[in-house]
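In the two complexes that follow, subunit A is the common piece, with subunit B as its partner first and subunit C second.
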Partner chain A sequence: MARPMKRALGETPAAWAFVLPATLLILGLSLLPMVWSLLLSFTDSDLVTSGRWVGMDNYERLLDDPAFRQSIRNTLIFTALYVPGSAGLGLLIAMALNRPRTKLIGIYRTCVIVPFVVSPAATGVLFAFICDARFGVANRILSAFGIPRQGFLEDPNTALYTLTGIGLWGGTGFCVIIFLAALQDIPPSLVEAARIDGAGRWNIFRHVTLPSVRPVTTFVVIWQSLVAMQLFDLVYATTRGGPLGSTAVVVYFIYNQAFKVFDAGYGAAAAYVLAVVLLALGGVRYLLTRARRRFA
Partner chain B sequence: MKIGIGSATACAAVLAGALLSGCSGDDGGVSADGTVRIVFWHGQTQIAQKALDGLVAEFNRTHPKIKVVSQSGGSTADQLLPKVTAALVSGSYPDISYIYGSDLASIARNRKVADLTSAVQAPGVDWNDFWPAARAAATVDGRVRAIPALTDNLAVIYNKKLFAEQKVAPPKPGWSWDDFRATAKALTDPSKGTYGTAWPIADGEDVTWRLWPLVWQQGGDIVTPDRRRSRFAGPEGVRGLTVWRDMSVADKSVYLDQDSAGARMGQLFNNGKMGMFVAGPWALADIGPAKIDYAVAPLPGFNGDNTTIGGPDNWVVMDKGSERRKAATEFLLWLTRPAQDLRWDLATGQLPLRASASRHPSYAAYQARWKLDVWIDNLPKMRTRPTLRAYPKLSQAVQEAIAAVLLGKMEPGPALDRAAKAADSALATEE
Partner chain C sequence: MKTAEEVRSGTSPSRTVAAPSRPRRRIDWSHVGLAPLALLFVLPLLWEVLASFMADAQINKYPPALVPDGIHLDGYRYVFTNTDFPRWFLNSVLVSLVSVVSNLVLCSLAAYGFARLRFRGSGVLFGLLVATIIIPFQLTMIPTFILMKNLGLADSLGALILPNLVSVFGVYLLRQFFLALPRDIEEAAIIDGCGRLQVLVRIVLPLARPALATLAALTFLTSWNDLTWPLIAISTDDNYTLQLGLTTFAGQHHTIWSAVMAGNVITTLPVLIVFLLTQRTFIQSLTSTAVKG
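Up next, the complex of A and B:
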């Protein structure tokens, strides 16, 4: 009896005892819900009753649902603005902060990181006050400069862009941390050598700094894309998808279907569409890393 | 927008949490000495929570065989729904939960939600003492599936000082929507930043239910009598929404509240910047401390009909075995008896659930102090929304239509037609 048992458990049966709790946690907390929600997406369940099997119906409904299309468009616009914005701003700020001899540099660095530490819900509430179209500080400042009042989050034409701005305020700090770490890894001798060879500021940036932070940039871009596509909390705290659906992003669409109009199966299908896109993004990152290793 | 897998998994996390807590199981709730322990999710905060905890403590003292464990449910009432649905999936649901009136029909499809029809017919309960609209809102397909937890209705709270300043005559009994429009216009003064009135347009049923009285007052309805198709996009709905479109787009007398919880219009009123606030007595909790000199008028009407809407919410019992179901039902029927109802109303400012409580001598002084007469008069005759499973979808479609019209992006007719199409396809799935 003992022998086949041992064969099944491998050379070090005790190892299984160590791995088991973590394995169960991972299976129970991520794999199980994933499988369960996949099954859910093939039913018309409302979470209250078990629902009927409807096959691909939910996915077909998604294809010609204008609300879903609008949420995808909003998410893409947000991502297209947020990712380059936060990465570019992040690099600029990181370069400005990468001067250890500046006075009070610790305070500047802290100031830049703080918005990133604030919870998105608090950020949302804060900016809802600032951007209030009638009583907010933002419009008072604008009118002091003679610029007409803006609707900000209350105007369907500007809401998504205002939201992107708020997102950048909260999300750039992360890019700064990563870029700052990367910048500090650049050997000073490289910069010095470039300077001796007669390179100006721009050429040092172009030929020393940028190539050094390229791997990190790939990571930042993909990471921020994942974050942008999963935007939810900020929308929930400020506009709840309005006005007129102009800030309804994909995750908000999913939340709405599953938990507000009792269409959990449909929401799960939308969640799976998003998951596939995110997985593909993760795959791109994996391929890029592998390619780099091969050519390095 | 944080490090970590973030928010796309938010929904999955709720579900995963539900699965996880499902594994923990529950303790049966009946101890060796026969005491039944029941869990009560009330979703109340602050004053209401304190008042409720006092009542629960008294119940536990006077009913030694039952122990009610009172919990907020980890959330306020308006966000309890996702928790309850997740809890129902996992099996770790409470014995009693607060449920919004508009969500009852959907929740009641679950067989764990107890049928209380025979319980409320028991002697001593006096079911007909509850207001008709509250009884209707607790009834799904002819079966009583909940006990009323709250009744309120819409009336017009107005700022007397602002009326005097703008030299506007206060509302007269039996006033019409045309009077309302003219009054709102006269109160609006961009130079002072004052508005005539407001409508929330951001999110939820609070956007939608304000339209229904205008439909009913003209003889229209939300759905057809057989509940198979929507009716709100008929001429009554269009005329009702047109009044508000004209006020919002042409007169600019309506503050469109885009706050996610619709809280800014209340602040506007409390700052003396809004003349007429269409609301229930819940608004008084903030108006009192703001020291606004207010009076209350009935909702305006069409053709002399001033019907208003009540938005009753409910307590539902979820079955965890017959002992616990019985105990939970007993607790709720105790909690809503006239004596307890009265104490609850006096502590929280909510309207009586029962006609007898509203007639109690000790209520009269309270009613006069807070000027509750209009709302109390509305209670026996107010109407309420149908308990339909498709209602949340219908409500959302109408909400989008109202927002589009009040923002001046669509005409009332086409906007309501589009909403009706969405509502009809939701109603078609109703069994």
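Up next, the complex of A and C:
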């Protein structure tokens, strides 16, 4: 079968004209800064001047910086609550929404997903209002159940948990979208067969639904972990790391070092520590999808 | 027996088979669980809209009022006369629109190059581009800021636009779509003397409208909703985007919540409209990239 297309070399200049603008922009704004950032992390740059070479000093400083350690702790707590929370709620809600013949189901689905497209900044400002310790409507609702007033974002003991709740409101919709697609891919005959064999709701969930959504669950858990560890906008829009550093997460630490106290080299070092963890998670995901492709 | 079972279980794949045997006036109890659930997710947004139409005297007391006693436009009036929200709105529109248009153009060109044109190193280069997806933003933000300053773009809308001109995701998405299109028409057009660019513009792009719509919607949402980069790159009020303006304004004016909520409505409404208009393609693109990964 002879293709009338011109052969390889004849098209090379034209091909480069097509791909070059995008390629230069993408590589110039990702690979270049990535290497630059590494070099920066070995200097004491103050964002304006390039600074002196200080070797591993920045990384050693990170090791016994209580503020960095606290930011890691806050990030881990948020991640440990947000990831299972959003994935678990996402699966449950997707199961509840997976009944295509119910009336209004499209509207319910839209309602659940809508918060996901609202920006973290707008979400943060909205919930700072709702959770306002003095006039907020959240306290009014709690008082209806006889629960005493809470400080929410203004109390160092509750701020991080309030933030997690706000994150779940905005982030669960994504998990619902993904799980719903996976649930709709389960052949109805499979559920039917299990039912005929006498399986109850719980057994169908355990032996049909869960195994069917397992690959997608891996994706959701890793994706949500990446999202959780990169938390920033929501923190900036609500607490700016306070009160008493109780919501200062790792990215907030990086932002603060690089752009507030102008310790850019130090901020770059912290960014590299975070990036190694994120890249490792990305690598795990890659290996898992490859393994799944091979054995499926 | 079997059809009754299918109807009850609600798992019958075919609507037409099951519908006639279904009793007409049965109450569907699932609404009892689903309606409050849906409400839980939209209630905060409804509250935002309600509060934006309240007088501050209604909001700043305990317990706060739950329904406005009439429609007050104080919040909106304040936002439009005493703040730079109109300007921030225009800035956001400008930055987002330029990003969308440039993504459509540059991603289409690159995707077509990688999908249809053969040149040495094409596979390696495309692989390299896709690999950059995993580089987290925190790693690049500090040098990118320095780069923008060196380019003379510091504290300008240009600094917001330049990093968003093109996205790897867009190139990847469109390339997948182009690869799935039949080659026959394109080849016929080339025999008739069409250039590559003409083929792309006249034949491929019209066929790729769904993918282009998805890319446009996703680019708009990410660009419109971004806070981190504007926060880093912009320092003058005049060049704020809505997200940056809203957070700054809210941080300074805790007592005029009606105005803060009015600003929030203005900030959020455009993405809600775009989402509701493109919901189907939006959800499909998310699931296909996620599940096929």
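Please note the rule applied: the second predicted complex is superposed on the first by the 269 of 296 C-alpha atoms of A that agree within 3 Å, B and C clash if a C-alpha of one lies under 4 Å from a C-alpha of the other, contacts with A are read in each partner's own complex, and residues count from 1 in each chain.
Keep this in mind: a residue touches a chain if its C-beta (ideal position, glycine included) is under 8 Å from a C-beta of that chain, and two chains touch if they have at least 3 such contacts.
Just so it is clear, the model here is predicted, and its values are computed rather than measured.
Superposition note: with subunit A as the common reference, subunit B and subunit C are in steric clash.
Of the two partner chains, subunit B is the only one that A:V261 touches; subunit C does not reach it. By the touch criterion defined above, A:T102 lies against subunit C but remains apart from subunit B after alignment on the C-alpha atoms of chain A. Between subunit B and subunit C, more residues of subunit A are touched by C.
In the superposed model, A:I113 makes contact with subunit C only, not with subunit B.
With both structures placed on the common chain, the touch criterion links A:V216 to subunit C but leaves subunit B unconnected. By the touch criterion defined above, A:T49 lies against subunit B but remains apart from subunit C after alignment on the C-alpha atoms of chain A.
Shared-chain residue A:I178: touches subunit C; no touch with subunit B. Applying the stated contact rule after C-alpha superposition, one finds that A:T23 touches subunit C and leaves subunit B untouched. Looking at the shared chain after the overlay, A:S37 reaches both subunit B and subunit C. Using the contact criterion defined above for the overlaid structures, shared-chain residue A:T239 touches subunit B, although it does not reach subunit C.
Shared contact residues on subunit A (touching subunit B in one structure, subunit C in the other): 29-30, 32-34, 36-37, 47, 119-120, 128, 132, 134, 174, 226, 230, 232-233, 236-237, 240, 251, 254-255, 258-259, 264, 267, 271, 274-275, 278.
Residue ranges on subunit A touching subunit C, taken from their complex, read 3-5, 7-8, 11-12, 14-16, 18-19, 21-23, 25-27, 29-34, 36-37, 40, 47, 93, 96-97, 99, 101-105, 107-108, 110-115, 117-122, 124-130, 132, 134-137, 139-140, 143, 169, 173-174, 177-178, 181-182, 188, 191-192, 195-196, 216, 219-220, 223, 226, 230, 232-233, 236-237, 240, 251, 254-255, 258-259, 264, 267-268, 271-272, 274-275, 278-279, 282, 285, 289. Taken together, the subunit C residues at the contact with subunit A in this complex read 5-6, 9-13, 15, 18, 28, 30-31, 33-35, 37-39, 41-42, 44-45, 47-48, 51, 59-64, 66, 106-107, 109-110, 112-114, 117-120, 122, 125, 128-129, 132, 134-147, 162-163, 165-168, 171, 187, 190-191, 196, 221, 224-228, 231-232, 243-244, 246-247, 250-251, 254, 257, 260-261, 264, 267-268, 271-272, 275-276, 279, 283, 286-287, 290-291, 293.
Those residues of subunit A that touch subunit B in the complex are listed here as 28-30, 32-34, 36-37, 46-49, 119-120, 123, 128, 132, 134, 153-154, 156, 167, 170-171, 174, 226-227, 229-234, 236-245, 251, 254-256, 258-264, 267, 271, 274-275, 278. Only residues 1-3, 5-12, 14-16, 19-20, 23, 81-82, 85-86, 88-89, 106-107, 109-110, 193, 201-203, 255-256, 258-260, 264, 389, 392-393, 396, 400, 403-404, 407, 409 of subunit B touch subunit A when the two sit together in their complex.
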